[in-house]
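In structure tokens below, several structures.
Paired with chain B in one complex and with chain C in the other, chain A is shared by the two complexes that follow.
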Partner chain A sequence: MSLFSKECKQILKSLIFYIFIVIFVLYITTQFGGDAEDINLINKPEAGQEEYGYKITDNPEEIMDYAVNGIIYETYINSYSTYPFGFYKEIKLNENELQDMEELIYRLTGDKWDDIVSDYDNYIPPVKTEYSEFLEIMADACEIIGKGSSYEKEEMENHTTVPMTYEDAMEEYESMINKDHVTGTYARLFCDYAVILLAIIPVFFGVTRCLRDRRAKAEGVIFSKSVSSAKIIISRYMANVVMIFLPVLITALIIQIPYIYSAEAAGISADYMAFIRYSVIWLLPEIMIVTALSFAVTELTGGIWAIFIQFVWAFASMLSSSTLVGDFGLKLVVRWNTLGGADSYLRQVNDLYINRAFYVGLSVVLVAVSILIYSVKRKKGAAEHGKIRKSGN
Partner chain B sequence: MEKFVSLEISFVKKHYFKHILLALLFAILSGAVVSFKNLNELQSARVMEMYVSILGIILFTPLFMPEQDREIWRLEQSKKLSVVNLYILRILTAVIFLLATVSIFIIIMRQNNCEFPVLKLWIFSVCEILFLGSIGFFVSAVTNQVVLGYMAAIMYYMINFGATEYLKKLALFQVMRLGKYDFWYYMLAVSVLLFAAGISIREIRSKK
Partner chain C sequence: MEIRIENLQKSYGKKQALKNVNLNIKSGMFGLLGPNGAGKTTLMKIITTLTKKTAGNVDVCMVPVENSKKIREMTGYLPQEFSMYGNMTAYEALDYLAVLSGLSRKERKEKVPEMLEKVNLSEQRNTKVRAMSGGMKRRLGIAQAIIHDPKVIVVDEPTAGLDPEERVRFRNLLCEVASEKIVILSTHIVGDIEATCENIAVLNEGEIIFNGTVSKLLQMVKGNVYQAQVSSAEIAQLKEQFLVTGILTSGSISTVKIVSDEKPLKNAEQVQADVEDAYLYLMHNCTGKKLSGKEV
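On to the complex of A and B.
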């Protein structure tokens, strides 16, 4: 029997595997129940509705209006809200910094600060700059306030929302039908939920696997086997990745069923492969990198420290994100916490591919590092406990 | 008693010290990550519930670290000494660190002009952190796998970001979300239950 299948069987017998399945299925089903309200989004918008929801705007004028109002208010009360690591942090400026800020506001509006303050309640700021100059001024403001303010470019461009019109709603609906084939939009939301748990769960598998030999006091025996370190680590790694991904994939296949039925009932041809495709692109690389990191750190330290490192990384990635929709960059936890937005997603999809490819590459490097560390430990083990056998099992 | 104290000192030195250092590092880093100035009640609760509560996982989950080595566990069982007392002493040590850390955070926030009901938030934070820690403690006690203890506690913490309504009175982040303090006694009761059940089940299992 190959090492890979032995490892898979070991995982099948382990408690951690079943705890993972229970947690994952409960979490996904409570978050993503396929409730009627969600499925109703397939309904076509009708003219004359009271509202059609909101959309993030990329209109420079709307972004500038919103941000200039905000910066004037925060300067007026000298209290700037920032979220440098996802936690609220209030910034108060000193006299010199406030003067610099007032100068920046003058450049934005053409109005002196004293004039603004004298009639603050009735003041409506005119924005007198081009968008590029506005961004430069806001970048200067961010330098004064510090990291995580509302005036960072990504923050402004990702968070300024405006009400949708009937035309916007129709465009959104058409994209959902023609580009996402209904299931695409739900598959992204599924990945958005799953990606949070999968940013941390694989680390427990990795640490458990790497420490199992030591717990069972079998390190010496395994060190003395003739099989190569690369074969041992790669089969362990692959087995863990596969066994974590399988329940995710099965859950995805089951979760998609009500959406396929609803689409078919509405006469829309659903994309049967969407959940699988999104899971492979979105979730598998994350399982790979988290497992690889846990292997490398656990082999290196011989302890449970990978859990803390991974927890901090996952948490920082989640909390430092300026938006829950896109802006993938090189974030570990990539989010798309909304239904719809197919056009916006397609504009950013290359960034997602780059992000995930980067983590697949990094996983390969970390597995190689794990093999190297394991080889060194084996040699050391051989030196301490006797020679490594050259042949046969 | 002397013997217990000396065993506890040995446990702290050989096994627990690294975790205390980690908790201290976590507390020191808070200055860079979290603001303690001019927070209102809900913002203060957010610091305690989302940030400081992680201390529960760090302090209470690794209390069975020495017994990960089954030979040590068997050796302990073979002695006349009551291991239950030993475990209770470990819990008390962790509780002392917890009380001290929570108090320091509360004092720092008060000195920085944060507005919140001091005693209420102190009691709620201690109970919430104890509750989160007791989950890790219980799972690592009954499985004798510290990794599973961390997994259970961390997963419980993370699940609270989206599924609080299903966790009812045992949901975390109640104060920062709803401004409600009246769940602390449920959390305290369940914590005591989990600590007691963890030790009892472990004892019963080890004697089989």
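On to the complex of A and C.
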């Protein structure tokens, strides 16, 4: 415990800790704060409202309507939005490709392209295919447009939104009041943003800590001490995890206050523990795995490779995701970039638990690997320069 | 209480850093002398379990070095380049290293100020490590090496880079802590050994070429050390012919110190040998090279 508290104190005295706090608070207040301003969510929907917001639909009819309208519009202006590797790219088709696309639209609607454009402003496309055939046609369209278009199957099925009806809005409202107790929905969005930063930042803590002995020329003397390698590594690891998690937790506790206040003011019982619970389940494993990987890689290589590896892993995880809401799998960066959706979340929550448990387990394994490497280095004569190397004199 | 080293060998690939080293080191100051690259640091690291031996046996107070935990508990090590985290104060650094040596909070509260006092760093207890001079760092280094009251203290080149005053202060400090302990002082600076050690070993290219007392080493050159005044122009030629261990130049005349089995020059007078003469003589015999001593 003494070593752990001393490690915490060292982090408290380090510049990187305060840079992290500033970045995290700024990031959360600008990103999460912007999206979560909508405290009106706690207002009960009333019949006859002009609109009730939007919801993601899994209804094939609605998906087909939305996609066919989109592809006709993009073909009309010959400008297709794509996101290959996560970054926006505009695609313009040549004449032959446009003809192929017009043919696909004909198969979807039964209408010739010339007829469509002749009265484009008033044209309402009829969809004349079965869903399976629709998917095949859209796959052909994706071949023409290229990777990352809006007409890929997963993209359409996860991102098609339709206006909510009063009944939809009431159902959503009831879920938020009774299942999320208001704060739950905001806590998920908070975690969604925080997890992006926490998939990267802890690697700097881990690498810095592991290289510190060598940089300070303290490795030789520390290696010679009687303390076990396990105690050194676990104390350092735990101290880093705790000191990264504490500002996250404190930010979460502070940021939830307006939502609790608004809920209570509206006579709704808020869940005071939601931000803490979500942070522990969602964010703590993220900090654990990123820190553990940085320890293992840095102890093994004696360099800053962990930073590159972590960047690649985090970005690959984010870019591989077809949706920003759920579909957790074993992704490193687990997202829920929306307010509401309690029912959908509860249907997937077990996947989230499995995901997070997996990374906690993997963290334990990586910490054990770090201990092993550290132990070997202590015995094999890496005392002066940190790497497993031969030393003479 | 002794360190027994039998047929110790250490290889790095094809290079043999230690060749059949045999040593018995008993209580008190023990000097390990040798040129850079002789294998001193390798031997120190094997004793402190920081490097694995290739063959042979090393027991520290009856405990084989394979039992690294036990060895680390009973040894204190001051590596050649000792430092700690720059943003720690002297007190914090010593307290941190005391935790790593297994001292409880209560023990540390008592021992840390006591050790700082012992190494004359009490007034600098709040000085940051990054602001410390080389001498202060070495004193902090010796404090961390002895704070857990080890039976064996291993110090590697502790006076390199220190000014003469710091060097003398550090030697005295080592002698103070050496009572009822084994202190191994590894150095290539003969003066350190001369001032502090009774028993020494000389290591060259991984082999022990001398093991015994300082008197025994001096005995090797007794009656063979001469001093003579020569023209400064003759020095180069003298160096070719004899083992010159010291030159004191004053204008065109130089006083040279020569180690030779016979009287080297007509005007040469026999003088008392010092450890440096003996060491250079030993190395000369071992390597066959003409070695030069100090030139002033």
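One rule holds for everything that comes next: the second predicted complex is superposed on the first by the 280 of 393 C-alpha atoms of A that agree within 3 Å, B and C clash if a C-alpha of one lies under 4 Å from a C-alpha of the other, contacts with A are read in each partner's own complex, and residues count from 1 in each chain.
Simple rule for what comes next: a contact is a pair of C-beta atoms (placed from the backbone, for glycine too) under 8 Å apart; a residue touches a chain by one contact, two chains touch by 3 or more.
Keep in mind that what you see is a predicted model, and the values were worked out from it rather than measured.
Colleague: Classify the contacts of A:6 with the two partner chains as first (chain B alone), second (chain C alone), both, or neither.
Modeller: After superposition on chain A, A:6 lies in contact with chain C alone.
Colleague: Output check: A:379 vs chain B and chain C. Expected answer is one of first, second, both, neither. What do you get?
Modeller: It touches chain C, and chain B stays clear.
Colleague: Using the superposition on chain A described above, determine whether A:118 touches chain B (first), chain C (second), both, or neither.
Modeller: neither
Colleague: Given the touch rule stated above, what does A:311 touch, chain B (first), chain C (second), both, or neither?
Modeller: In the superposed model, A:311 contacts chain B only, not chain C.
Colleague: So in the superposed three-chain picture, is A:218 touching just chain B, just chain C, both, or none of them (first/second/both/neither)?
Modeller: In the superposed model, A:218 contacts chain C only, not chain B.
Colleague: By the touch definition at the top of the document, which applies to A:200: first (chain B), second (chain C), both, or neither?
Modeller: After superposition on chain A, A:200 lies in contact with chain B alone.
Colleague: Considering only the touch criterion stated at the top, classify A:30 as touching first (chain B), second (chain C), both, or neither.
Modeller: The answer is first: A:30 touches chain B but not chain C.
Colleague: Looking at the overlay, does A:226 come into contact with chain B only (first), chain C only (second), both, or neither?
Modeller: Touch status of A:226: second partner only.
Colleague: So in the complex, which bits of chain C are touching chain A?
Modeller: Against chain A, chain C makes touches at 12-13, 15, 17, 36-42, 45, 48-52, 68-69, 72-73, 75, 77-88, 95-97, 99-102, 105, 129, 141, 144, 148.
Colleague: Which residues of chain A touch chain B in the complex?
Modeller: 15-16, 19, 23, 27, 30-31, 79, 84-85, 87-90, 92, 193, 196-197, 200-201, 204, 207-208, 211, 215, 304, 307-308, 311
Colleague: Okay, in this complex, where on chain A does chain C touch?
Modeller: The contact residues of chain A facing chain C are 2-3, 6, 10, 13-14, 212, 216-218, 220-228, 232, 378-381, 383-384, 390-393.
Colleague: Per the contact definition, I'd like the list of chain B residues that touch chain A in the complex.
Modeller: Touching chain A: residues 22, 32-35, 37-39, 43, 46-47, 50-51, 62, 68-70, 143, 145-148, 150-152, 154-155, 158-159, 161-163, 166 of chain B.
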